[in-house]
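Next come two complexes built around subunit A: one with subunit B, the other with subunit C.
Take a look at the complex of A and B:
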């Protein structure tokens, strides 16, 4: 690890933040710098997804991946967002106020505790070696191939394990290599730590709009200390970044269904584009999110479904080029080897596969109490007739779990085991667990405010 | 009743986080101490330490094979050293470690893990070898 590497990474992540801020300025704007500070995590995540997607698409069409491309794309996105936002009449933001009261004290305490944890994780990340099989067997080799050869080198991209996986992760790794001055696979862990920091910031910032601090921070801290979530933020694999995009998009889609603020759907679309270019499971998770959104917005389908249709079309258009590339280069597809659509196949694996996904979902050794608490929150939300968030998250977690069972069932080579080297179910189900961490405070806040509103209505 | 339920669930989450928090910080601190105590080679080779059997072999390969060169890793099934992971995964690890050098079946460089050098009919000139049964050879055309 060198100072050059760390300074380079800082610059790269400022570019992600700037490009996301440009997009946020274009689609929404912000009234004050305090409001921007609240949404900066979301801007960062959107910046990673948008810039990462553009780099990936340019790489697929054959544009050489150089330092200039790494610098020009985020700068162009940031400037375009700022200029178009200005044309739309965005006002210069004021300073704003951070408020006061007990919520501020809880927030300060939560920030301090989260900061303490993330600082400890940084000390771990900055000198970590590359230990994870997926990381050294294909994610980082793909990144090195792009770095050294400037493009999707046919030899490596058709023969490495996971050759059908889309290349957004290698692409963001290469961007880090260029800014660090070389393929420094040790300092690369700091980049993934920064993705984790950005996600925690995005989650707390976006939820604080609807969730009081005393309901929010216990869940933020719980997700950080859950054995297979926070402590793995620095691991240089695709799973957690995929989950960050998925959970971010899910919250934005739910809030869009609740308040119809169109900027939320625009940013959710960008995160979904990032998802389908990060990992093949991204396609499944995007489909699951779309189904849940269609389900809960069915009552107002004339207004919501066309917008969701546009979202799906954009995401499909972004997902297509990589699929065309690997088919054209003779790489076996992303679909399950067992077909996966005929329930009459491998019937003996059907129940054990779904049982496995269910067991992993409720395993406290992976996710602490995140899932049982989320189930309790779901029950309370239903009891207070907060149907939209309850049905949305219930459907989403249920469909993700069914998807996990389907993956195991549809790929007969996968043993029915939680063993990490044999079956990806534990890594895949991280999406459901992280979703539970985000869903619980939303559901509890909805239940709490429903009771308060009903008491106020009764009193008047 | 709903409010009691909300407070209860927030309490459960708070207690679970509070109980786990010190141990998580301690675990991360221990990991950080372990990472910083590693030698440069242990940290750079990292996941390969359980695969390559001898760190010197990967450094020798990187030092001897030119960046635009090609190499082939041959692991004999009876290679006595390393671990259970060595024979199935050593070629994969070299592929990661030696980039931008490319693997190729007919490469002029051979990284031999207990392989049969006799099959090259005297064309294999060993340029480096260790006590574990690992050798780097130049294959004459």
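Take a look at the complex of A and C:
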């Protein structure tokens, strides 16, 4: 059973990769297989978001969730991407070269260290029990209900805790159950470990475009050893996958602002679609990313804002069907019970709520030194006039933190505490911490580049 | 392949292959047998007095109620870590006292066993 489960998961994740590769081929293409290897992590993450979103939307409109659906959707996405990409004139990639500079050896050490750590985490994921509250109280039960009943059982889905949460996580769990041959909730942890591996691959691959290896790999390793990040890769909950989509989309949007390559925005849109179908916090994170992007690209607003408007419209259209489903079935909404827009309400909670979000952001027991290092990198980037990445990440982390404070303030039932069972603030702020891990090397690389360019200009 | 590329490949592949090979050299992962879920009591360490193990919690709870009803207050139902439920009087301070409890239990037709207390 478990060998079957592992082989099934391997097949499922190859399907995610293939569908993401098809989309990447359509929107961008790749010149060489070495280049594809660099972007394969991004393709995987995009595959999870796109296929997961399509499965989720089909489930919501009532299509029975069967093994056939699990197989047909990723194969169709992959083939469609390949065929349309071919029509767009993509030519067959060559083998390519991995380069021969000093960065190669640094990259090799980084890959070896990150790979060893991930292998060690696999041992944890391989035989983990279903210990986490949200996982066994509603994420996995929802998945089992879809697996056994083939759809959204109305009574079950409207009475479980977290009934307004969108169902992408249960859907990807069900896909894993089908390919594993049954609802194997132990081997399921390997699927989440694979999401983590895909994210690390995506992050290092995308950042390596703009960040030298000696700056990139220390941050990849720092991210992996942060207490509430690497060690939680195998946990069958929505938080980290949501954060992976958010950070992936944020980097793509920033790089699009910097170089205007449209494929980045297309893939960011797909990741944001996955995000708003993963957790209700996804809506808030999508909104703050949009605001940060609008802010940073304001100088060229005639060109950038319409594109960001299209992104927002697509994400809203994908988010809508689930919200219609739960409203139609009498489930209480995702919005805060306290209204959340009138500052005169619950004024005594205002400062403690924002203070709580700030304390969690800077807590080394959750995120090690990720956040203070990112603040240092931000200051260096500003000092060297690398304004766009500095303002983008500064605004984004600031808005995410304000959003965390707003959640606590606007939901009066939430105690002002870091206790996981009482307040989701620690889970939510993981997005900001992971963003800091991705932002630091980008900011430092921008600062380094500015310094070396000014030295070269001075010398000439 | 240049020397530097070969060196980079070795840096990546040697640990990534060596680690799982070294790990699996000692055999594939093993699970404790059910016998290993009942470690023998040791003199000088706290003892659990176990009145029985059951496949479902309801049967175990019924047994617990019977045990408590005849006077063994504090007896509880706990998972034993091996997929069963044990009816247990936890953390008896010594093996000697555990034997006294067993003798007393025998007078009401109960046959508990002494085990090393969980966490010791």
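By our rule, the second predicted complex is superposed on the first by the 459 of 460 C-alpha atoms of A that agree within 3 Å, B and C clash if a C-alpha of one lies under 4 Å from a C-alpha of the other, contacts with A are read in each partner's own complex, and residues count from 1 in each chain.
Criterion: contacts are C-beta pairs under 8 Å (C-beta built on N, C-alpha and C of every residue); 3 or more make two chains touch, one makes a residue touch a chain.
As the structure is a prediction and not an experimental result, all values here were calculated from the model.
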Based on the superposition on subunit A, does the combination of subunit B and subunit C result in a clash or a fit? clash
Is A:20 touching anything from subunit B or subunit C once the two structures are fitted on A? First, second, both or neither. neither
Could you tell me if A:100 is touching subunit B, subunit C, both of them or neither one (first, second, both, neither)? second
Contacts of A:148 with subunit B and subunit C, given as first, second, both or neither: first
Check whether A:130 is in contact with subunit B, with subunit C, with both or with neither, and answer first, second, both or neither. first
Pick one for A:115: touches subunit B only (first), subunit C only (second), both, or neither. second
Is A:52 touching anything from subunit B or subunit C once the two structures are fitted on A? First, second, both or neither. neither
Which chain makes contact with more of the residues of subunit A, subunit B or else subunit C? B
Across the two complexes, find the residues of subunit A that touch subunit B and also touch subunit C. 116, 120, 123, 127
Residue ranges of subunit A in contact with subunit B within the complex: 113, 116-117, 120-121, 123-124, 127-133, 135-137, 140-141, 144-145, 148-149, 155, 160-161, 183, 185-186, 214-215, 218-219, 221-222, 224-226, 230-231, 368-369, 373, 376-377, 379-380, 383-384, 440, 444, 447-448, 450-451
Complex contacts: residues of subunit A adjacent to subunit C: 98, 100, 104-105, 107-109, 111-112, 115-116, 119-120, 123, 126-127
Interface residues, subunit C side, partner subunit A - complex: 2, 4-5, 7-9, 11-12, 14-16, 19-20, 23, 29
Taking the complex as given, what residues does subunit B use to touch subunit A? 2-3, 5-6, 8-10, 12-14, 16-17, 20-21, 24-25, 27-29, 31-32, 35-36, 38, 42-48, 89, 92-93, 95-96, 99-100, 102
